[in-house]
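Presented sequentially are two complexes of subunit A, the first with subunit B as partner and the second with subunit C.
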Partner chain A sequence: MNKRFKIILLQLLTPIVAILFAVVLSSVLIVAIGKSPIEVYQTMIEFSLGRADSVGAILFNATPLIFSGLAVALSFKVGLFNIGVEGQYFIGAFFAAFVGFTFTGLPAFIHLPLAILAAMVGGVLWAFVPIYLKVRRGVHEVISTIMLNYIAYSLIHYLIADLFMDRNQKVPEGLGSPLIRTPHFAESALMPKLHGFLSFFGIDLPNYVYLNWFFVIGLLLAVGMYYLLWHTPFGYEIRAVGSNPKASEAAGISPNKIYFKGFLLSGAIAGLIGLSHLLSFYGYMDLDFPKNFGFNGIAVALMGNNNPFGIVLAALLFGFLNRGAEGVQTFMGVPMETIVIMQGIIILSVVVAANILGRYVKRLEKKEA
Partner chain B sequence: MGDIMEMLASALRMTIPVLITALGAIFSERSGVTNIGLEGMMMTGAFWGAYGALHYGPVGGFLLAIAMGMLVALIHAVVTVTYRVDQIVSGVAINILAYGLARFFSIALFGMATTSPSVEGLPKIDIPVLKNISVLKPIATDISPIIILGILLVFVTYWVLEKTVFGLRLKAVGENPLAADTLGVKVIPYRYIGVIISGAFAGLAGAYLSIEHTHMYVEGMTQGKGFIALAAMIFGNWMPYGSFWASFLFGFAEAISMRVVQSKVVPYQFIKMIPYVLTLLVLAGVVRKAQPPASVGIPYSREGD
Partner chain C sequence: MRKFKSLLVAFVLVVFAASTLLAGCAKKTEEPAKQEETKKIKVGLVFDVGGRGDKSFNDAAYAGLERAQKEFGDKIEVKYLEPSAGGENREQLLRLLAQDKYDLIFGVGFMFTDSIAKVAKDFPETKFALIDGYVPDLKEDSNISCLLFKEHEGSFLVGAAAALKSKTGKIGFVGGMKIPLIEKFEAGYIAGAKYINPNIQVLSDYIGTTGEAFKDPVKGKELTLKQIKNGADVIYHASGASGVGVIEAAASQKKFAIGVDSDQSLTAPEAQRPYILTSMLKRVDTAVFETIKSMVDNNFKGGYKEFGLKEDGVGYAENEFNKDLIADIKPKLEEIKTKIINGEIKVPTSKKELQ
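Up next is the complex of A and B:
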């Protein structure tokens, strides 16, 4: 067999083997609680793929993961590790929320883009601190971003629960207390759903599915990132610095400059992660605003081998797993957490499998030489 | 004065889980393996501690928690030391995995996803001599034996790292694995041991939270303490005594934050940020220069690939 073909085939097989390994290990857990794994997986697939609302939900679930996977992958490409995606999207979401509830009477074609821009600015600001510390002070970006994630959680908690809490809520006399959240956003800051567009094609999504145009923006961003990385000089510099900073420097590329630009761009993308939920499903920001999209983005980026299209596929897979988890919990009484465990195992087995593959390829190349 | 002592006692209780985990982290980091899976290992310890305490009493709970912490750490060691996967990636996956496992087993074993039935703690003890000084009463009487153990572990960790052959070799492996290997010190086993010790300590610390502190397991009860422990270890410059003072500072901040919730003078969220902000300042060299082990984070293989 042709050697290059063999390597490409193995690279495609690696994630599949990892998924199978995770399926097998999860089956052990399912058997342990007295259920049949085959039935569980069958329910998962039927529930997730057999209904229009499920498919819509999968795409909605996948939307933030596309953004976070791309944000993490971009930092990987430049040779850095942006664990701070988590904090950056929280800050970005708050910036967008601020624009959403502060301005009223703006036309939607100004208000919504302004909210999106604000989110990117927020992400960039929160990414600026670690990359500045890295380039100027030599602080490892992983440790600084972990610290900044927790600072972001606390800061946002303060902003939502204190400074910008909606104090004009109408709470019925004697019935509970006001919710801890920001004021509602103006209608003009909300992202329209995809339903109208899809109905042209005869697909009718129910109203409780919040699939919106951010999904399409995520897909376009993936295409854009592919173009940026492989068809522009800046993309070449990113990949050069990422694979060998010293050689790039010798070739006249300043690694520090590329680190700066690449990391800030990663932060800008990170700022967008929460918007699909914030500007469509919620319409305000509260303490239940979903966490962990940033960390899951690491899994998505690894799973997709840092390739934009691979990331879209990985995000869809995770979206599918989450939706399927709801299905098996409702219909079979299998805890959703089985699927969370499966995701953890998938990540570990993907990275281990990629490592084994890497060694094998190296040995193959050595043999040739 | 009584108020201050009460405050110190509360700070001490907050310090212990962070301190014990930070001490464990020292073993892992000094052997050359970054462990950001500490949070997940603490969570594992908190869950199995409560389960063990429910069925086999508090001592059984602690032993089970330590064993489970070591088991999770073993996964981290296999993935990072043997398969040389990026240590941060593995740590992130371990945290996701541990969260899922804790919820899964909580449903399977307790029938509830988020809490366990309440459990009994270890018998409280008084410190001889000190208990007779009335000012010291809040910190010397009616305290958990794990608090004493945690403080003893500071000295033990120092002694092991600085005075024993094992400790010196462990550090050598983290500073310059190639040199250590050349002199016949086996790098891989030392790194395994370093990581597994950190899992044992994190498991113990997690069990302290569920068995001694809250008397039950509550989902998410570690509240990022694993990461605070990592911060304390860095703030303490990868040293046991330094980590003790850092943990105490962070514990004190937490104790204060709980008291100012009502007062409204400073929003308590800002006090919660103190550990993280201080650590950033240390890393930035504003407070002083951070000196991590030279080879931490770098997988080792003889071939050098």
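Up next is the complex of A and C:
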């Protein structure tokens, strides 16, 4: 029991030690560009945690990463690398966008769920190709998903810039340029913000913060995934296949079936990643729709050790780093490049530390047994 | 079960972390009052993705900022920011500058259109300037000024120059991202070339379909080599930082390249300079400078500002390196320029209009 306690304590301390280590390392960098590390960190923390709009922005930043971390982690759990989360969320976002601007006059309680459902269908569709190729033809999913990411980018470009571009924008003859975007969505497809709910608790967020119910959905999804993985037969099968496909086959589980279901489920979650931005911040899909949530999801999943709750924490850390970056850039004049390096150092330290700890814990557990 | 307990602990921690974060929301922190005595005009500028160092669009905006700083010295205070790689925090950066009481805030690039429109509504006292973007329904007393360029007019001129210099009767165009803005360059270029030689053949290629297309010199180089192989001997690019590859390829094959946005003869390596025929100038620097100047002179006007040939907002570059190169065609170019300015030549603004 004593050892158990020690392991939990270690699990809690490691990320903190890792972050402290990264902070020290980044300080060298900050000194090198001629700024005071203490001032920079102070600004970062005061700015990120001391203002209501910043906290709202952090949670908003974290929302897509919760979804993408969960999508990637689920594929990891089943023993596959879904690098294609990036492409799946782009396709999912477009499906939702299509529902958003095509249907008008639907009541919100039908329109919004329909858009969300469409996004999941889009993600599943884009995940279907690589997993079909994997199970039936033995094509490695890393290759096929990476390639499908490129196809997704270009396909979306074609759909937005050619087929569905909003041609009713007012732009004068020969001056300026119309935005390359779909028409605006109907109001009924937009996700309400969290402001009303929070004001119930005496928390007032400024109206330019776009924190919305997708954050709550993300948290619920994390709980749901935890339940699925550790408290249902299907979750057991996923974990069994993920840790040893041959042994589970001998035990009567068909790995191919589990690969199929697990991967498609991962794709369905991936389809939701972009919605928090799409259905509250933008209200249309444009060529500049934020990229890289899928790839960042891989880092989030690794940092969270593929644990749904760890993923939520890792996503919050990412959100904090991004908001803090805006603060130190604006108020301390630290260039963007420096901030990107700092973020890299922090992520790397946490991942390395988690790995070292993981091995140590395994050794401890073996001794215990 | 033990595993369950440790996970439960983890979940409680997540909830705890989230709630402390939210508790932070409840407190409203007051900004400490600033004790600034001397009233400086604070100018903020948010670059587009890529930021400084693209030797093209962003750098031109920076040049304008730098010139203003030099000229107005202690009357202004400047700051520039760069959005994250995906560009989704453009609005947040603009808002931070506005909250920090900046008087004039630039958004560099048409991607800022919606962000500026939103932020400007919340900060009616702050002035905003938007380069290349169009916000509808502005008036002179609006707090947004759209700085718009007639790139097609400048491209018409360099298209004419290309046709005048071409011996093979084939010229090339390499665009960055396939969007209407870049197609405007292409349309003007083709029209200019056809004005000189109706039978000229223009080979057009685009580097890509994402923002990456503006920073892919390798692909730029390959497309240029392909066009040269197919007979093109003058190649114009509108592809931002990818153009470095276009110029390199043209120089290596001893053919002409035409630069874009800034005068690229000045930034190219020595060996490539003899092969840069000219550059289509888009005076983003002038637009930035003039807007800051209007702030300093206290006569900032909202609405739309056009920068065409007439306003010297676009044009072709002449410098010590290409002076002799274009000496023979310069009179013709000047003649065309005058004709465009007084309306004798109507330059098409899109590929559709061209046909």
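Definition applied: the second predicted complex is superposed on the first by the 318 of 369 C-alpha atoms of A that agree within 3 Å, B and C clash if a C-alpha of one lies under 4 Å from a C-alpha of the other, contacts with A are read in each partner's own complex, and residues count from 1 in each chain.
Criterion: a contact is a pair of C-beta atoms (placed from the backbone, for glycine too) under 8 Å apart; a residue touches a chain by one contact, two chains touch by 3 or more.
Note that the coordinates shown come from a computational prediction; the quantities given were computed from them, not determined experimentally.
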{"item": "First (subunit B), second (subunit C), both or neither touched by A:276", "value": "neither"}
{"item": "First (subunit B), second (subunit C), both or neither touched by A:341", "value": "first"}
{"item": "Touching partner for A:307 - first (subunit B), second (subunit C), both, neither", "value": "second"}
{"item": "First, second, both or neither for A:198, with subunit B first and subunit C second", "value": "second"}
{"item": "Touched partner set for A:14, first subunit B, second subunit C, both or neither", "value": "neither"}
{"item": "Subunit A: partner with more touched residues, subunit B or subunit C", "value": "C"}
{"item": "Contacts of A:57 with subunit B and subunit C, given as first, second, both or neither", "value": "second"}
{"item": "First, second, both or neither for A:157, with subunit B first and subunit C second", "value": "both"}
{"item": "On subunit A, the residue positions that both subunit B and subunit C contact, one per complex", "value": "154, 157-158, 161, 335, 340"}
{"item": "Touching residues (chain side subunit B, partner subunit A) in the complex", "value": "34, 36, 75, 79, 83-86, 88-90, 92-101, 103-104, 107-108, 113, 224, 227, 230-231, 234, 267, 269-270, 272-273, 276-277, 279-280, 283-285, 290, 292, 297, 305"}
{"item": "Residue numbers on subunit A that touch subunit B, as the complex places them", "value": "29, 32-33, 81, 83, 129, 133, 137, 139-140, 142-144, 146-148, 150-151, 154-155, 157-158, 161-162, 295-296, 298-299, 302, 335, 337-345, 347-348, 351-352, 355-356, 359, 362"}
{"item": "Subunit C residues touching subunit A - in the complex, by the definition given at the top", "value": "2-4, 6-7, 9-11, 13-14, 17-18, 21-22, 24-29, 51, 79, 81-82, 84-89, 91-93, 95-97, 100, 110-111, 113-114, 118, 122, 132-134, 136, 146, 148-150, 152, 178-181, 184, 209-211, 304, 306, 347, 349"}
{"item": "Residues on subunit A engaged by subunit C in the complex (per definition of touch)", "value": "4, 7-8, 11-12, 49-52, 55-59, 153-154, 157-158, 161, 170-180, 198, 202-205, 208, 219, 222-223, 226, 230, 277, 281, 287-288, 290-292, 307, 309-310, 312-313, 316, 322, 325-327, 329-331, 333, 335-336, 340"}
